[in-house]
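Going by the order they are written in, the chains are A, B, C, D and E; count residues from 1 in each one.
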Amino acid sequence: MTGSLPTPVLEARGITKRYGRVTAIEGSDLQLYPGEILAVIGDNGAGKSSLIKALSGAVIPDSGEIYLDGERVHFRNPMDARAAGIETVYQTLAVAPGLDIADNLFLGREERKPGVLGKVFRMLDKAHMRTEARRHMNELGVATLQNIGQAVESLSGGQRQAVAVARSAAFGSKVVILDEPTAALGVKEGNRVLQLIRDVRDRGLPVILISHNMPHVFEVADRIHIQRLGRRATVITPTSHSMSEAVAIMTGAAEPPPHAA
Amino acid sequence: MTGSLPTPVLEARGITKRYGRVTAIEGSDLQLYPGEILAVIGDNGAGKSSLIKALSGAVIPDSGEIYLDGERVHFRNPMDARAAGIETVYQTLAVAPGLDIADNLFLGREERKPGVLGKVFRMLDKAHMRTEARRHMNELGVATLQNIGQAVESLSGGQRQAVAVARSAAFGSKVVILDEPTAALGVKEGNRVLQLIRDVRDRGLPVILISHNMPHVFEVADRIHIQRLGRRATVITPTSHSMSEAVAIMTGAAEPPPHAA
Amino acid sequence: AACGGDSGSGGEAVVGLITKTDTNPFFVKMKEGAQQAADKAGLKLQSFAGKQDGDNEAQVQAIENLISAGAKGFLITPSDSKAIVPSIDKAKQQGMLVIALDTPTDPANAVDATFATDNFQAGKLIGQWAKAKFDKESKQAKIAMLDLNANQVSVDVKRDQGFLEGFGIPVGDVNKIGDESDPRIVGHDVTDGAEDGGRTAMENLLQKDPSINLVYTINEPAAAGAYQALKAAGKDKAVTIVSIDGGCPGVDNVKAGVIGATSMQFPLKMASLGIEAISAFAKDGTKPQASSGKDFVDTGATLITDQPQAGIEAKDSAWGKQNCWG
Amino acid sequence: MTVTKEATPPTPDFEVRQHDSLGLRLQHLLHGNPTLGPLAVLIVAILAFSVANTRFFSAPNLSLVLAQVTVIAVLALGQTLIILTAGIDLSVGAIAVFSSILMATFATRMGLPGILALLLGLVAGTAMGALNGFLVTRIKLPPFIVTLGTLSIFFSLNAVVSNSETVRGSDMPGLMTWTGTTIPIGGFRLTYGSIIMLLLFAVFFYALSSTAWGRHVYATGDDLEAARLAGIRTNRVLFSVYTVAGLLYAIGAWILIGRLASASPNVGVDYNLDSITAVVLGGTSLFGGRGGVLGTLIGALIVGVFRNGLQLAGVEVVWQGFAIGLLVLVAVSLDQWIRKVKS
Amino acid sequence: MTVTKEATPPTPDFEVRQHDSLGLRLQHLLHGNPTLGPLAVLIVAILAFSVANTRFFSAPNLSLVLAQVTVIAVLALGQTLIILTAGIDLSVGAIAVFSSILMATFATRMGLPGILALLLGLVAGTAMGALNGFLVTRIKLPPFIVTLGTLSIFFSLNAVVSNSETVRGSDMPGLMTWTGTTIPIGGFRLTYGSIIMLLLFAVFFYALSSTAWGRHVYATGDDLEAARLAGIRTNRVLFSVYTVAGLLYAIGAWILIGRLASASPNVGVDYNLDSITAVVLGGTSLFGGRGGVLGTLIGALIVGVFRNGLQLAGVEVVWQGFAIGLLVLVAVSLDQWIRKVKS
């Protein structure tokens, strides 16, 4: 993946975000190239979530620029980014706790019944959405789900995460961003998500994956962006560096190599 | 740790918990012996969190019995369990989002100023609690924390988890229960927590650790309780089984060995 | 009582008007009267109102503000006749002339003068009229009493008891609503003095006893609401409604046959007389005199009906229309 | 660390295992239908009052109760939408009363034809709701403050425009008071107003449960930030809710004119509290995202039944407040108890 | 997978990096002190009214405003505690008025000595608060419903006990009306009631910010379930809050008797809305866990200043509602804008 690179699909330049006294990101850059899985790793509080929130319109950075396919964009809210095809799973999941799984999966892009019912009366096709929801959940290997009509708030931690992941994988059309999508997942479910990420990439969509799980990262990532103290320390690849080297850079124990790209 | 075993410190027998149509735990057992680290693993939705909630008084099981040091106990709320020395980190963390780190660490066991100020005016010793809080957070290696007076809701996912873990480690006096304490943590922070778990055990307190992270589990656990479909499938040890065997039992791909204990 | 003569900024002497609420048309009329009189006398009128009937505290604040503004005196329709007295005392100590309008204070001599309708008398008039009408038609009365609210404020009590007395029903304690045991009374309910309350109360009482044929109402909006309930039940022809107020829509309702008779009061007159009295006091310190035989200046109550009964003095709705709330 | 051996996920075997005792069946029924709690309360109240006075449970009296709650039910419908989004509307009474005064003024003083006066009144109510929505979504003020402010403003304008005078229904075009016309159905005497009210509840029940807009209202009320991150245009949803509520209040105003056969600036002092009470008695959470309109209809009926029933039972006026307070507490405790059964 | 090589954690280098422009300093100041927003609004209002009428900014008039807000401020103090726990109290007016009637009745009709009547009144108010607390924590009813019910019950009992009659201050022992006595301080004329009020605010400011109880109140209001899981006895906290609020309302009742020199069963119709308004204007969130008592004091003063200032500015009664509504909206917008500056 290194070498002469095409225009990034998504690019951030010099993003800074402060909250009162706290500096979350400090002039951070990021490039996501077509068809790649870019992992973002870094210590707790390194600014990973803040950075991707800036990319997805969830926070508006204090300064810095964002480019989509080389064109400057200004996302004022997550809807803007979503309209541009960027689908995100937030670390906080962003699910509506009182709604059920199908409702959450299709939130904001509900499907209507065909014909008059749907067109004139705008009636939702609940049966269809439920079937689809079950299919998506099964795809992630969440087999313990007893009741697809259960409110999301009563799901187990991992089930809830699976809902959020299924949503983004199903609907992303340009970029999929996943903020620690496997943190609460079991071994099997986690592996399914990794497979899903590869599938998404194979569909041609680039993916940003934030994770603390180094084996996961090294298993799927094409390139690894290391975030440190609010800045990009460097970008490596799973072949150029070992896990422990990556961790050493991440924690500041080793000097980051000069960043090639 | 196997062989002839002393009275369990904490024991659950035949715990069942249903939510409407959903069965979360179905006659599940658990034994925690003195001075051990017991890992609980299982698929998403296997009932791990529900089981430990029953042990910590956070939910009242529909049926089943709980024994502490061989004596039957009835926890009506988390305070009862806490008074009995059981300290728990819930998967949902159970932190007060608007309060700051020190407030959360000392929630429910605030320290008062010495002398008249504390005795008569019941004045909190805020300075001392802050210093302690910083110390506990540093112990977990959370170095990116810029402002100890920050509201917990504005912390990064991992920082927030660290607060909850620090609280239980600092105050548990009989049993410490940790529900996925490292899910949101970075590599370094995660390892610190593992070390912390060992330290707690070395202080003589048994620990229950729920985790999806098999390397973590196999690194620290003395015994591994495998939960499956709301029941205990079996108990193994890191030496008796390999990781992939454990995962196979967990997911139902392999028959659980008859449970020895 | 020496008033400082200094009336603050602007040079114009300030007078105040404190009503119970600012939305009731009765008080709107009062304000009109006061404004006219104040303009004529070259006084600056400051008006105040509570949010709701019974809102004593707003009136206390109003008096405080008037004291602070250095007013010469003020007119007040007390929301709580007793509770307002200490504040009035304070104002009088500052040398202000205080006149109660419409509702007397308790004790009545807490103010320098009272310009009021005799509410008991107003109730009595419609009671007598109804009695005469029912006697003439030799009907046995079944009475619904639509009062103001559960608080038994003085206007409410006086009108209610006046009506009963006029109708010849023993009232028991005249300071208490609802302690009568006369079987002709079907029941009491409260209306908040508005149409919606009137209608709901009437509906419920009709359910309790459909043979009701006489309805007393605290005021004309309540009467209008009650009429709608009767009409919906098909009883509007068979039932007589009496009321008190004499507002222009009320008079229209008398003309339309909705209300059998109403006692008209004269808020505009009360207020303008009151302001004139304060103006006179400000000039030379004269205080107003009470009507003979009463401890207040009776601005009168006139029975308005298009079905006059022998021996009971009344004016018709045409006269009423010309004089409504004059 | 990847696990390759993996069985096809077995359908969890306890899905089918049903606990078929009667109690558990009831549990599940109540679990799925939180409206049943308030409904049970309503039924118990009706039974109790029927015993207290035989006249209570008669077609005419029940029609009466329905007519008495019609206006408040329509207002509470709008209030429900707003409360579902975790808001609150204190301006409901002010908007309704002001709208009715405007309709009456257009139709009489300004001499417009009935239909035009009605439409303008509806537009005015909608605009007032939209103003609330604007302040909530654009200026980002808390709904409590916004509607507290506009409450004051609309009531003041109401007094100014009406000159505090009542407009009589007989002076207005027939369309204005049409909503008060009754049609007999069996022994029942329904007003057109009540029919409109029931239709509105049906429409909004449908909209909330079966359209995307409904899902978005719930999601927004449940967790505004999550809904925003999930890509819902929460501002648009909130604005639509306040605006639609304004329209509903204006329809309520029209029904009010019909019921009172007049437009009076002095009615409606209790509409705020009454409408919120109906919503809360109906089981909708003040924290948003939970509840629905059917509960509100039942909640409004509960209040109507209490008031009417107590009067028929001959409870003295001073003690009625006591009785209503007690009944509200008992009713909600009962509901709470029913919910507890479910788990 | 364990990583052995690990440097000593460097102190993050941007902790020290301060952005010291004036604007940012202001930001940080406001960030740490959310009370400053309402305070700024109060100051602006005072300045504006002082320009409109020179009489406004005089010691006697300012003392007047303080006296006028004293009762509502005490009630709003109790209301703040309850709102901090994500509750709401609609019975505040009913408890205060009923307590004042009870004190007066004890002292006159029952002829008890002043101190005893006062104490019994305080006990009664506390008991009413405790009843609310009991219903909220034991029967687990929503606070809105609980206090709606007890509002009705207490007001009804109030009418029964008082026989709807006002008791005059001159008939009561001096202790009852002592709170209305003024002491001149410079040109100011403070009442003892106002001094008690200020002391109460100081006490609760301390209790909320510097005692464990205060932390628990915030934690409970912020996230009840989390607080419970963290081992807070949330029921005990809630019960204590409702009970203490009841006591505060009873103290408010005592001050009320002093202020009006009478105990009247008919006052207090607006106490619910007014007290909640003061709390919300003071920046406390109706969703619990955020805010504080200083804001409430400022909120109460803002309302008092608006009312008094508008009257002095010669705004007509019918337009005063309009002006107050507008001012509330502007005030909170201003506050919102100030908060936005901070980020």
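Heads up, the rule we're going with is that contacts are C-beta pairs under 8 Å (C-beta built on N, C-alpha and C of every residue); 3 or more make two chains touch, one makes a residue touch a chain.
Chain by chain, the UniProt names read as follows: A, B = Sugar ABC transporter ATP-binding protein; D, E = ABC transporter permease.
A quick note: this is a predicted structure, and the numbers were derived from the prediction, not measured.
K.L.:
Suppose you hop from subunit A to any chain it touches, then on again the same way; how many hops at least until you reach subunit C?
P.N.:
2
K.L.:
Starting from the Cα centroid of subunit D, hunt down the chain whose centroid lies farthest away.
P.N.:
Looking at centroid distances, B is the chain farthest away.
K.L.:
In terms of CA centroid distance, which chain is the most far removed from subunit E?
P.N.:
Chain centre farthest from subunit E's centre: A.
K.L.:
CA centre of subunit B versus CA centre of subunit E: separation in Å?
P.N.:
41
K.L.:
Once you find the CA centre of subunit D and the CA centre of subunit E, what distance in Å lies between them?
P.N.:
Each chain's C-alpha centroid was found; their separation is 30 Å.
K.L.:
As a quick test, compute the distance in whole Å between the mean CA positions of subunit A and subunit E.
P.N.:
Measuring from centre to centre gives 45 Å for this pair.
K.L.:
Residue numbers in subunit A touching 2 or more other chains?
P.N.:
Correct list: 19, 21, 23, 92, 143-147, 187-188, 214-215, 229, 247, 251.
K.L.:
Do you know which subunit E residues sit against two or more other chains?
P.N.:
Touching at least two other chains: 1, 3, 6, 9-10, 12, 14, 156, 159, 318.
K.L.:
Residues of subunit C that contact two or more other chains, please.
P.N.:
22, 52, 150
K.L.:
Per the contact definition, I'd like the list of subunit B residues that touch subunit A in the complex.
P.N.:
19, 21-23, 42-46, 49, 91-92, 142-147, 150, 154-159, 162, 180, 183-190, 212-215, 229, 247, 250-251
K.L.:
Sort out for me which residues of subunit E touch subunit B in the complex.
P.N.:
1-3, 6, 9-12, 14-15, 206, 210-213, 215-216, 218-219, 222-223, 225-233, 289-290
K.L.:
Okay, in this complex, where on subunit B does subunit E touch?
P.N.:
These residues of subunit B touch subunit E: 58, 77-79, 82, 88, 90, 92-99, 103-104, 107-110, 112, 121-124, 126, 138, 141, 143-146, 167, 187-188, 191, 215, 219.
K.L.:
Mind listing the subunit E positions that touch subunit C in their complex?
P.N.:
Listed in rising order, the residues are 53-55, 60-61, 64, 67-68, 71, 156, 159, 163-170, 259-270, 307-308, 311-312, 314, 316-318.
K.L.:
Contact residues on subunit C for subunit D in the complex?
P.N.:
Residues 22-25, 27-28, 52, 147, 150, 178, 187-190, 192-197, 199-201, 203-205, 207-208, 221, 224-225, 227-228, 231-232, 248-249, 252-253, 256 of subunit C touch subunit D in their complex.
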